[in-house]
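Here come two complexes built around chain A, the first alongside chain B, the second alongside chain C.
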Partner chain A sequence: MTTLWILFLTALVTTFSGFFAPPRTIKALTLVGMAATLVSLAFGWGETVVAYGGMYTFDAFAQGITLVMVVGAMIALLADCDYHKRLGWPAFEYYPLVAFAVLGGHVMASTPHLGVMIVGLEILSIPLYALAASRRSERGFEASLKYFLLGAVAAAFFLYGIALYFGATGGFVLGAQGSGLVWAAAVMMLMAGLAFKAALVPFHWWTPDVYQGSPSPVTLFMATAVKAAAFAAFARVVVSVGLGGPAFYALAALVLLTVFWGNLVAMVQGEAKRMLAYSSVAHAGYIAVALFGPNPAPALGYYLLAYALSTGLAFAVLAQLDEGEGVPLRSLAGLWGRSPLLGLGWTVALLSLAGLPPLVGFWGKYMVFLEAARGGQYLIVALALFAAAIAAYYYLRLLGAALFSKAEKAEPVALSGSAPVGIALATVLVVLLGVLPGLGYGLFTAASAIIR
Partner chain B sequence: MSAFDLIAGVLLVASALAAVTLKNAVHAGLALVGNFLVLAMVYFALEAQFLGWIQIIVYAGAVMVLFLFVIMLLYDAKADVGVDRLRWMRPVGAALAAVFFLALAYAFSGVGPVNPLADVKLAGGLPGPLGKLLYGLWLYIVLLIAVLLFVATVSAVVLVQPQTRKARVKPQVSERDRELEEVGK
Partner chain C sequence: MSYYLLLSALLFAIGLYGVLSRRTAILIFMSIELMLNAANLALVAFARGSGNLEGQAMALVVIALAAAEVAVGLGIIVAVFRARSSTSVDDLAELRG
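Up next, the complex of A and B:
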């Protein structure tokens, strides 16, 4: 309960103290709240907290997901200094909305109850619709509106799925087994509704436009925290219904379409944020590969952490270069010379996203594929590995754009405020957790039972 | 399927279609009111009286009136709303919707009444027994919905704000500045 209360009070206090404090103070307060959440997570790690008659079940799996979300939010908040300094500080509500989104994700991740899940999903989504348009530009409005409309459709799918689930099992709590066609329809609808949020192909159409049009720090938050929360719910639904019959084929189709479509389309993009948006679609596919294993929770949680750190770092670097109109590849040129820290962060992030050995991204992929292989799904593992090999092409292209091309005018990028702290911290974590993989994976081994 | 179900279903679909296809925003809003009222009747027929009244008072009443106010305040509402740039998508969408409908209809073909529903005694869905349920078993969700409404309010406020907030200047201060400027001339 402490974690829930800390997140709720953080959001509430920052909302109201914004009336008499400047945005930067609110940002500091939000960061303090996130740090307090980390402390409360550390103290209660591994202990399951159950409240409200099981509607709030804060088990080891939910703790892992909450950790990923808080880490994502902290990188997003630390790295946004210069971005806002260049393009104008947003209204102070920006920071409470981030805190509310984390609260919503936490609620959504720590429940087996579908009714709580949809309310958590909305508490997570509504702030994001506003955050996507927090910079007043055509692109921002487009991103916000698309996200809102498709998010509403996804929520409608999910709600319909809940109604059918109730019809098939007579309850709202995941874990009940039903049978028949209505049950199958309910499972499909629930999976489709959550696949929208997790950006699995063919429910990913909003992702590139929204990621590109939103302010870079918001994109960072979406790619890390929102994905983690969506996958928490997705994993609970899939594990509780079991992968027999139509659910298996549906998930296999989703995964294979996602890894191939995401990676192939990412290759032909000419803008870094859009490329990383497609990369985030592809990574959703790898995360879902874990669900084919007998005990998916540790691998899934660990991959989410690895992915959140790597992609968070990549977007944090892009946030320093973004002038509000996205980051075309040529503006990455000569990044090492312009700012060694950004160059290092960018290199580490992309190598980790590509899955090269000494970095955390490799271990994430390794655990996920190992898990699916344990479940005996060698064909899916092989195809996903093949897609990962394709992906190396555009990660290296992004890297090459920063390393091997000369900038027209090599003006150094000045970092100030908390931005270098955030980037350095994320870089160190990506390398450290890669060198010592047991350190990161050990956090998630307790999360064995998703559904009790 | 009784005659009531059939009539309600046809009315619901027809009013929903009217709401999304009518060109005049006010007409579309009124079609939506019709949809809400039919839905309220369905709730009454399902012995969910409280829900039915809420549907009429809150949705058909308060929410729609706000909606119509906004539509009428906006000048653009007098003209046609929306230009459909994806006209060629319409038949595709219609075909997909038909497939979706047929799949769900097939899924529903063998469904009988759900057992646990018979056990729940809500006395016709009146506020008394419903309140005990909401503030007992479902308290967590009620609290969360309070949070949700608060978030939605904050988000709406953010969305309607201009990009930068100007510092508030008291009228006396601006008056003094103007006078000082005149003296300076």
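Up next, the complex of A and C:
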């Protein structure tokens, strides 16, 4: 309960203090709220809290997801500073919206009740539609409108799935089993609605446009926190309905399409944010691979943390280079010379995303593939591994653009405010959790059951 | 009860068709509202059929959610209209790769 209250009060307090306090203070307040959430998570780690008649079930799995979301939000808040100063929109609304989105994701992750889940989904999504447009540029509006229209369609699918689930089982709580046509349609629609939020192919087509058009810190937030919340709900639905018959083939098709399509299309992109958007689509596929195992929760949570740190770091670096018109590959040239910190962060992030040891991304991939292999799905593991090998090509291309090509303009990148702190922190965590994999994985081993 | 469900499925299909075929943001949005209301109708029909009032309560929650979505969605559409004097989604093609 403490975690829910802290997140709720953070959102509320930052909203109302925005009327008299400057944005800097609001940003600090939001960060304090997130830090307090981390503290409350640390104190209650591993203990299941059930409230409101079981509608709020804060189990170890939900705690892991909340941890990932808070980490993603903190990187997004720390990385934005200089970017906002240069482009001149330090509007205070930005920070409460982030806080509300984290609250929504937390609610969505910690409930087995489908009604509460869709309320959480909307508390998460509605601030994001506004955040995507927060730069008030034409690109931002386009991204925001696309996200809103497609997001609303996905919510409608999810909702219709809920209605059918209610018809088939007579309740809204996950874990019941039904049968017949209504039940099958309910499962498919629930999975489709959430696959959209998690950006699994073929429900991913909004991702590149929205990621490219949104301000970089918002993209960072979408790629980390939102994906974690969507996967929490997706995993709960999939595990509770069970992977028998058509649901198994549906999930296998989603996973394989996602890892191959995401990685193949990423190769031909000429813009760094768009490339990382497709990379995030591909990573959604790897995360879903864990669902084939007998006990997916620890591997899934750990992969989400590894992925959130690495991709958060990559987008944090891009946020420093983005002048509002995206980041073409050539503007990465000579990054090491222009700013050693950005160069180091970029190198570490991409090597970790590519899954090279000893970085945290490698251990994430290792755990999810091991989990699926325990479930006996060797074919899926082999195909996903093959796709991961393809992916190395474009990660190295992105890295090569920063390392080996000469800069057109050699002036150093100006870093100010909290950006260096966020980037340095994320870099250290990616390396540290990679060298000591037990440290990160140990956090998630308590999450043994997704549905009890 | 099955007539109501049939009607609700039909409404959902019409809404989905509208989303796919309309080219104006406002009309797409109206079609989405149709899909949400189809879900509401199904919820209420199932609640009546099973005598479980939870479904009706859920329909009320959904109405509130839809209202919140409208507030933000219309704001975005108005912003797009101010920037481009058009809400046609075909004009929104700046982001591609």
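Assume the second predicted complex is superposed on the first by the 451 of 452 C-alpha atoms of A that agree within 3 Å, B and C clash if a C-alpha of one lies under 4 Å from a C-alpha of the other, contacts with A are read in each partner's own complex, and residues count from 1 in each chain.
Throughout what follows, a residue touches a chain if its C-beta (ideal position, glycine included) is under 8 Å from a C-beta of that chain, and two chains touch if they have at least 3 such contacts.
Given the structure is predicted, the values throughout are model-derived calculations rather than measurements.
In the superposed model, A:80 makes contact with neither chain B nor chain C. When the two complexes are overlaid on their common chain A, residue A:59 makes contact with neither chain B nor chain C. In the superposition on chain A, contact is made by A:180 with chain B only, not with chain C. Contacts of A:133 after superposition: both chain B and chain C are touched.
By the touch criterion defined above, A:170 lies against chain B and chain C together after alignment on the C-alpha atoms of chain A.
Of the two partner chains placed by superposition, only chain C is touched by A:269; chain B is not.
Looking at the shared chain after the overlay, A:322 reaches neither chain B nor chain C.
Contact with neither chain B nor chain C is seen for A:371 once the two complexes are overlaid on the shared chain. Comparing the two complexes, residues 115, 119, 122, 126, 129-130, 133, 136, 144, 164, 166-167, 170-171 of chain A contact chain B in one case and chain C in the other. Within the complex, the chain C residues that touch chain A are 5, 8, 12, 15-16, 19, 25, 28-29, 32, 35-36, 38-40, 42-43, 46-47, 49-50, 52, 54-55, 58, 61-62, 65, 68-69, 72-73, 75-77, 79-80, 83-84, 89, 92, 94-97. By the touch rule above, chain A contacts chain C in their complex via residues 115, 118-119, 122, 126, 129-130, 133, 136, 138-139, 141-146, 148-149, 152-153, 155-157, 159-160, 162-164, 166-167, 170-172, 208-209, 212-213, 269-271, 274.
Chain B makes touch with chain A in their complex at residues 103-104, 106-111, 114-117, 137-141, 144-145, 147-148, 151-152, 154-159, 161-165. Note for the complex: chain A touches chain B at residues 8, 15, 51-53, 55-56, 88, 91, 93-94, 96-97, 100, 103-104, 107, 115-116, 119-120, 122-123, 126-127, 129-130, 133-136, 144, 164, 166-167, 170-171, 180-182, 184-185.
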